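Below you'll find the structure, written out as structure tokens, and then a few comments.
Going by the order they are written in, the chains are A, B and C; count residues from 1 in each one.
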Amino acid sequence: MILSNFRSWALDEAPASRSQATWGSAYRVWLSLRRNPLSMIGLAIILAFVALSLAAPLLAPYDPAAQDLGNRLAASSGAHWFGTDELGRDVLSRLLYGGRVTLGMVVAVVVLVAPIGLGIGCIAGYFGGAVDTALMRLTDIFLAFPRLILALAFVAAMKPGVESAILAIALTAWPPYARLARAETLTVRGSDFIAACRLTGASPWRIILRHVMPLCTPSLIVRVTLDMSSIIITAASLGFLGMGAQPPSPEWGAMIATAKRFIFDQWWVATVPGIAIFLVSLAFNFLGDGLRDVLDPKGR
Amino acid sequence: MLAEIDNLRISFPTPSGFYEAVRGVSLKLGQEKLGIVGESGSGKSLTARALMRLLPSQARIEADTLRFDGIDILSASEQQMRAVRGKRAGFILQDPKYSLNPVKSIGALVAEVWRLHKGGSRREAMEAAINLLEQVKIRDPHRVAKSYPHEISGGMGQRVMIAMMLAPDPEMLIADEPTSALDATVQAEILRLIEELVSERGMGLLLISHDLPLVSHFCDRVMVMYAGRVVEELAASELSSAHHPYTRGLLDCIPSLSRPQERLSVLNRDPAWANP
Amino acid sequence: MTSRVKSLTKILSSVVLTLLGLSIVTFLIGRVMPVDPVIAAVGDNAPEEVIVRVRAEMGLDQPLVVQYLHYLGQVLHGDFGMSVLTKNPVAVDIARVFPATLELATGALLLAALIGIPLGVWAAVRQGRLVDQIIRIVCLAGHSVPVFVLSLLSLLIVYAKLGLAPGPGRQDILYDGMITPVTGLLSIDTLLAGDLGAFCDALAHMAQPVIILAYFSMAYITRMTRAFMIDALKGEYVITARAAGLTGTRVVWGHAFPNVAVQLVTVLALTYAGLLEGAVVSETVFSWPGLGRYLTNALMNGDMNPVVSATLLIGTIYVGLNLLADLLYRLLDPRVT
């Protein structure tokens, strides 16, 4: 009953309020997204990943740091579903807790990067001229470093660890968002409704915050979703190269880094977190791909 | 009989079922000049493209008869279709700005089609292309052959298009709004060129346009389409005696020097025209 | 002609500005290192006056701007400082290890383009069909699996379990030191030396990392090819070509594809730059003696000169590739003057 009410309210051809129009377009996106099986698989995996990570303390059968040197590198068994690692720690428990690290890093990077990229792009696009040139030159410089390499150098200059890794990935992740937001801003800057806002005396900041930024958000969401897998892989690669989360931490990349020595004999210790990275990253790619089909049919 | 169409129906899938864009069109074309007139969306282009099977793959085509010179278009293999397309029937599109491949030179475009249907060496093909460009009255064919589509004018582009389609000596020419994208002064020139070449070579012509007087001037017969149907068919010379209200309405919209009106009349649409 | 000169000047000046920016960033990264380079050089227990003297010798008592200009001058003269780890000038080290990375990245790019472009075209022609879906899933999977995970699994399965390919490294110990480096690209040097056995060995060692890197980067090439191709196939000129009686293959490859190829140049340049990055991870797993392993070794030991220089080098290559793509685009597309 409530659902069908919401449906007709959201799909109303003549929305009466701003929020109704916003909900309406979001609902339409959801409807077309629901028809795409890959996106739904992706969404399901992401939700499962988030739920499992959040509930790790409840679900994990062991303390992820509890060592049992008498039971090192054990194969899969009823007591340890995914076996144990080189210090006898339960791989499943570490995997669940590792999800929290990955989830935390991803959320932190996005929270840092999306507003910065959006802000810089909108300001550059809206003001144009020298501001635009200066900001875009800066963007180009950071865009010119491959993400992982700059992050590596940056972490090395600070101190290896989760916080540096987050900062380093953030430092390398914002330029594409700024580019995108600028391009979107340029398309709306000249439109009549912006001119109308200006005529009513709205300040540039108000126009950017209230009118330009909301319009740039949908394409930014697609970009962020597609970027998630790259952020996850970069974070894991940093961990793997010893520049991200440090060993006692059950971060997946770091887990693989220590387990790679046993890859030929106890292959599961490295393979299990590898599959976890793959699944989560694939899920974001599936979802992002579907979102792009819906929100940006040209598929660039 | 070159083209024979009986009860042609074309529909497209939409989120809410199939939409029928052409609803039972029939026509016959011999070695004559037939004009199809109608507004955008009346289905005239779709009809012509169906005859060459050039519609997008999601289109659903049904017909009692759809034949080109006895070949059943609906059941023909892709190979048989290629023997019709270009070789026996040429197709001129609307806007040379989009219908000529931007990264190929004019000479290469014309030569490719000639060589495809006639064989021979690259050099022969290029010579033939220059010759064809001359036939469509391009003054400096050697220079034009070397240039790219974006470097030439719309009128010139349409001449190139005609040269391409004439290369294999087809028996029929379909011209889909060949002049709508051109300046008014160039329009008559291009149409005269088409008419000349068609009469010279004894081809059949299917001329599609939204310009009723223009079509009646160049064609033997005129068909008027509205909302996916043929509403009237008559000889071009009898245009003044047309009796369908839509045709009459179109004729009344044209300003005339011999019987000036205070205000031009406006076409009042009757929903019944779409569903007789 | 003048407009062409003007736009070229504009491109080149922006390239120079970007490169200067790159050098500033790498310079700053080199200055905020965790270990004081003076302490690192003279040791913890050195007397105060030695530290001051060494600091002055290293130019570290100067203002930051002066230090930067000094650094820039050195870099422009090809002087990237010394590596603490190898005791060699960084420039010499990089010249030695870089060809190995180049070989890996180039091989992967060729393979990825050779497979990815036709796949993208195929997916576009069959848009929405089963083939399109399968290609999409295969490519997304390739883009989702971290290079180091796939590399480890490949070592485990292809090398250890099946024995289909040789293990880590660039060549078998049998051929060690037998091939005189000319280009530094082992696959070419072995051919120049006329040693077919060594050539096959080099190729066999390349196979795993190259295929893995190619698979990872294929996703982007395929997706962009598909998107460009779908656009191109909507063009009216495609209808013209079909109306003229051309075969489907010829319409796709002869008429639509040339329009796509022009746009693909930039995609390939970006992919190449991305491959240099992928090589860093791949090299550590396969013990490939390239720039990536050099970089990670230096990182582990806090040897900043190689880190900063390698970063600058890869950034510069990226800018150069972009410039090259831009120029090629102008050359290939007749519409750009």
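To be clear about the criterion, contacts are C-beta pairs under 8 Å (C-beta built on N, C-alpha and C of every residue); 3 or more make two chains touch, one makes a residue touch a chain.
Quick caveat: nothing in here was measured; it's all calculated off a predicted structure.
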Contact distance in steps, from chain A to chain B
2
Chain pair with more C-beta contacts, B-C versus A-C:
A-C
Counting only Cα atoms for the centres, state how far chain B is from chain C in Å.
52
Express in whole angstrom the distance between the two chain centres, defined as the mean CA positions of chain A and chain C.
24
Listing for chain C: what residues touch at least two other chains?
none
Contact residues on chain C for chain A in the complex?
14, 17-18, 21-22, 25-26, 29-30, 32-34, 136-137, 140-141, 143-149, 152-153, 155-156, 160, 223-224, 226-227, 230-231, 273-274, 276-277, 280-281, 284-285, 295-296, 299-300, 302, 304, 307-308, 310-311, 314-315, 318-319, 322
Partner chain B, residues of chain C touching it in the complex
235-237, 239-248, 254-255, 258-259, 262, 332-335
Of chain A, residues touching chain C in the complex
38, 137-138, 140-142, 144-150, 152-154, 156-159, 229, 233, 236-237, 240-243, 253, 256, 260, 263-264, 267, 270-271, 274, 277-278, 281-282, 284-286, 289, 298-300
In the complex, go through chain B and note every residue touching chain C.
49, 52, 54, 78, 82-87, 90-91, 93-95, 98-105, 112-113, 116-117, 148, 150, 161, 164-165, 167-168
